[in-house]
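My structure is below; once you've seen it, I'll send some questions.
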Amino acid sequence: MGSTFGHIFRVTTFGESHGNSIGCIIDGCPPNILIDSTQIEADLQRRRPGQSALTSPRKETDSFVIHSGILDGRTLGTAIAITIANKDSDPSAYKPFADKFRPSHADFTYQQKYGIRDWRGGGRASARETACRVAAGSIAKQVLAQTCGVEIIAWVNQVGEIAADIDHSTVSTKAVEQTPVRCPDLIVAKQMEELIKKVRTEKDTVGGVVSCLCKNVPAGLGEPVFDKLEADLAKAMLSLPACKGFEVGSGFAGTKMRGSQHNDPFVRVNNVVQTTSNFSGGIQGGISNGMPIYFSLAFKPVATIFQSQQTVNTQGESVTIQPKGRHDPCVLPRAVPIVEAMAALVLADHLLRQRSNTPWQL
Amino acid sequence: MGSTFGHIFRVTTFGESHGNSIGCIIDGCPPNILIDSTQIEADLQRRRPGQSALTSPRKETDSFVIHSGILDGRTLGTAIAITIANKDSDPSAYKPFADKFRPSHADFTYQQKYGIRDWRGGGRASARETACRVAAGSIAKQVLAQTCGVEIIAWVNQVGEIAADIDHSTVSTKAVEQTPVRCPDLIVAKQMEELIKKVRTEKDTVGGVVSCLCKNVPAGLGEPVFDKLEADLAKAMLSLPACKGFEVGSGFAGTKMRGSQHNDPFVRVNNVVQTTSNFSGGIQGGISNGMPIYFSLAFKPVATIFQSQQTVNTQGESVTIQPKGRHDPCVLPRAVPIVEAMAALVLADHLLRQRSNTPWQL
Amino acid sequence: MGSTFGHIFRVTTFGESHGNSIGCIIDGCPPNILIDSTQIEADLQRRRPGQSALTSPRKETDSFVIHSGILDGRTLGTAIAITIANKDSDPSAYKPFADKFRPSHADFTYQQKYGIRDWRGGGRASARETACRVAAGSIAKQVLAQTCGVEIIAWVNQVGEIAADIDHSTVSTKAVEQTPVRCPDLIVAKQMEELIKKVRTEKDTVGGVVSCLCKNVPAGLGEPVFDKLEADLAKAMLSLPACKGFEVGSGFAGTKMRGSQHNDPFVRVNNVVQTTSNFSGGIQGGISNGMPIYFSLAFKPVATIFQSQQTVNTQGESVTIQPKGRHDPCVLPRAVPIVEAMAALVLADHLLRQRSNTPWQL
Amino acid sequence: MGSTFGHIFRVTTFGESHGNSIGCIIDGCPPNILIDSTQIEADLQRRRPGQSALTSPRKETDSFVIHSGILDGRTLGTAIAITIANKDSDPSAYKPFADKFRPSHADFTYQQKYGIRDWRGGGRASARETACRVAAGSIAKQVLAQTCGVEIIAWVNQVGEIAADIDHSTVSTKAVEQTPVRCPDLIVAKQMEELIKKVRTEKDTVGGVVSCLCKNVPAGLGEPVFDKLEADLAKAMLSLPACKGFEVGSGFAGTKMRGSQHNDPFVRVNNVVQTTSNFSGGIQGGISNGMPIYFSLAFKPVATIFQSQQTVNTQGESVTIQPKGRHDPCVLPRAVPIVEAMAALVLADHLLRQRSNTPWQL
């Protein structure tokens, strides 16, 4: 269980890191949407390993096949299936760890849960499965853009101790894609890049923060009580490997504010009700209010470090391991398109849910 | 939609703040569990308004009726329904705001979503509905305690700028309940109390952080990919009114660490595999590893302040409002049992999900 | 589990036959629908026991309370809760059977499933819970009528060996309600009535068939593959106590036809595409085609007969039982509003699902 | 939507009849089950076209690829993906009908629903998608057999007017597979075969009935109220293309019985509680009682007949069509493995659901 996300725009994924292939089925995509497969390809390229000196050297072209649900470039309203072959899989590097639990990986917990596990590079727990999310999210983005003009922009806002301060009113995907580290502030980006290279040299890894901005989201998305828009965004983000935190709008900083500072006054501008500040982050009572939605995610440092570490094996004996394989010193740059994809999946699902709720013209 | 939480242990709630009553149905509770209704009552007492000088003066006894699913004190395995009457409802204070959007409340978004809204004290968006969560969560707690010995302890860790530093190995519910502010550090609790009183005097409100610790959670809870344990915890917490952030284990602080610091080495102690540190927060790869689970939530300051504020009315005209009614200057103390309840709902659901997954004795 | 029906228009019920009360939550009802509670009352009256000489003498007024989701007669878009008190509950008649398995009841299976059971009149397995379905279905009917003009008419088509042949083009609710047995053919109705009375005198029970016609259902409702409209109708109907069969359109009789007879030719009449015959029963490929939908359900004879019967007790010993209590000799007349309610729940859910699918005006 | 079936053992399918490929993801399969892929192959062979003179001549080897979820022949507990290529797809035969609605097909309803449709051989509505159900069902069968010894046997019980009367106590898969028509009565099978050949010669088609028997199903499967075991079986079966009816146990014939005849008395035999008759069909109150479960399904005659027919085109003009392509004169023989597969999916799902319900050993 656990491989399905969404209530109406619903994605189900499959695949182990070193299995035959990975992929997904998207059910509930509305009909007659134009799907540009070069956009899916472009998003997958932003996520794939081997794209820059900052990422894992595993070479996956991540070329994909669409099996169903689209005819002559348009969605049919039926289930869309996408597969991505695992071409550069190499389980041999993991063979020595088949009976050992790598610290802060999912080896131990999968073994406890299932009594069996795929030791080949993390198996189902590998971040390789996020390629499927990116493919599905790219379709969701196209649905959102065509029907509502929604634009989703994520970027690396912090690496280790180095943080940027990005102006939401001017940030653009173009600015994000200018640097391999995907931080739109060129000077800070350079510092982040240096830090990642230094950490790699030290055979270590480092964490950071990705921020995301969603513009032109129509008011009214999100459901009362449990399926609040921020609740589904939080779930989406915390379902990402290595994500340890989520904050929307004023987030943790807002806990130190007074209500009189934090409240967002309503005004009417050009016949549209807006707020003059946006500490709410575009969501009030779990429902979008038409203002930009923004949130941030904490990513812990990657667990695979090329250093000697203490752990136990499946017999419970103390052992020392020295991981090999192909890994990222910092997941942040590659996380950017994944965060955008998850945001798109949440928004597309709630957009379709809201269509059911819309007051009838009686 | 949106009123249901959980996949197997499933809670559905109903009710507006000033309607006839509120309540819930719990479906999927396992059979033959002893339910002590005094524990439900005790949890509701911890949440109810009017319990101390720090909370809203609305007087709700929050007495509840169990309608089904329990016979002679034991669960039948069938749906359990609970209702709580709204006894001290007083919509009159809200009448002047029936056509005005209170800033940072859900008035505007509900109107946008549905084209109609219950103006009586926030209606469905009111935090009053969390009483149902507490009742359902109290049953979930009893399931968890009886079947696995799980213990859940939440506390107020920060109010405004005042933060505590609580030792997870010694914190207890008793210590939490010692002070009206529900911070187990008596000195810090006193400071928090002063701050809340000061803020109330200033007709203002203040936010803060609740932390939560879950002990004795068996290894193996949580599902791969989307339904990771921390993802469902994040969703549960961000579904709470006023919650703007969530972090588990090392959280946002962990983003500044190196992998070599952050990894939790495995050791075997008394035949049980444990980790020597717990930056993972008891969850690895989305699945519990048997170590304590801990997380924190950010709450923004309450939106209702007894000060004059600018906003617009339903005609889009600029208006000034000066809220009345009965409100908390700080939700944190009352949020503690609610956070525990939501944690219990997530854990009970995943405990039952894991029973389906358990390897068969073939 | 199992107490929830529907994907968007979603009903969750609770309640045992002799517990405190029964009820339901309807989540996902669209906003701004006028709800006439006298219609709910009328539907409940058609289902309640004690309404005629043909039914159980249990006296339940089945008066109901709406707790939430409706303000000034209009739906708010939020969860609607309804409770119905059990006023004439009398578990004493069941006490002698608390440790015995009544043949063809759910006593044995609930005991096997849960290891505990509510022996008071069938508990959760009692048909008493269908009152909640009728209340929820009455709201669904009002949604369907107001938004699309859908009309749903069910009737008793067969009791024991006595069958009617009803003209779908003229049948009306008024005609159905003319007789206590709810068969719109007066002559056949009289024969059915006699049969039921005879069977009651013989301390026996008898089964039969309910047919149902849904008019003005818009084309396009139903989803490909698993959630076909007839599949959800079948599930809805087979979830009714005592229902053992379902057929839609030509049903079992159609199995003896040739394709050349069975195919429904399309024609255009007044700018609307119709079919000249309707062996499909208004559904093709799982999706409504705009023609009337019709189907039938088989009900077995009621299991409670006032005759001596062989069975075993909870110790597995052979025992003889002679049931008492208040029971119907034939459930068919009371099943009519229940069947209509379930049809309404399916159609309302699929109507809302289809709103999400509707091609966008781009 | 609509492409997912099941609550815990959950199958999601994709694919159009003449697209690139079809397939499915099975999520929630328990870990450590031995999967014999030759059994999947054997079940697919029983369903595939071109297997005998009675079926469509389309030549699909239906060779499949397992992409994930299985390692060294054992399930991992993670999502299992299977794809089946469409090798002998030939949309050209359908080109002339791209703008015409074939009678009693889903052409018109898909167009109405989505405003766009895949005209290539029925697209998503084609029975080709049932190959995915057979593959998934074959895995479900293996789960059921290994964990509980469940055996599922379906057969053709009626073709047109020719019906068999099969003894449930002796019927076997071997007997079913003896004849191409899959009726275990050799004499009746021969008559059915003649009828199908005659109908084919007449360029016509014919319907029939498939019956199914499930042995060794443990008591306790099925959930109260809406998710009764027979309700989910009914949904599963009515979701099959061309299925128009379902009956379980005594079914429609039982409507003519008296309670005194229909009730199944309990007895204890070798320490197991059984019933002396089985009109209930192994299910009471929606929950299995340990007796054999049996049910039947009505299939209408195939809609594609090679005769001239009246219909309308997408402009609403009257047109005559004369279908070509490759079609079955009678779906019944190929439906047998599909019915078994759907039964297996329902039972596997409820088996896993019941594991969550099982009373705890406290």
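Assorted remarks:
Read from first to last, the chains carry the letters A, B, C and D; within each, the first residue is number 1.
Assume a residue touches a chain if its C-beta (ideal position, glycine included) is under 8 Å from a C-beta of that chain, and two chains touch if they have at least 3 such contacts.
Since the structure is predicted, the reported quantities are computational estimates derived from the model, not experimental observations.
Between the two copies, chain B and chain C, the Cα superposition rotates by 180°, quoted to the nearest 5. Among the pairs A-D and A-B, the greater number of C-beta contacts is found at A-B. If each chain is reduced to the centroid of its CA atoms, chain A and chain D end up 38 Å from each other.
For this pair, chain B with chain D, the centres built from the Cα atoms lie 45 Å apart.
Per-chain Cα centroids separate chain A from chain B by 26 Å. The set of chain A residues that touch two or more partner chains comprises 1-4, 7-8, 13, 28, 31-32, 77-79, 113-116, 124, 224-225, 353, 356-357, 359.
Chain C contributes residues 7-8, 28, 30-33, 77-79, 146-147, 224-225, 352-353, 355-360, 362 to its touches with chain A in the complex. Remark: chain A residues 1-4, 8, 10, 12-16, 19-23, 25, 27-28, 31-32, 65-69, 71, 74-81, 83, 113-118, 123-124 touch chain D in the complex.
Touching chain D in their complex are the following residues of chain C: 1-5, 7, 13, 101, 103-106, 108-110, 112-116, 122, 124-125, 129, 158, 160-161, 199, 202, 204-209, 219-220, 222-228, 230-239, 241, 243-252, 254-268, 271, 273, 275, 279-281, 283-290, 298-305, 307, 309-312, 316-318, 353-354, 356-357, 359.
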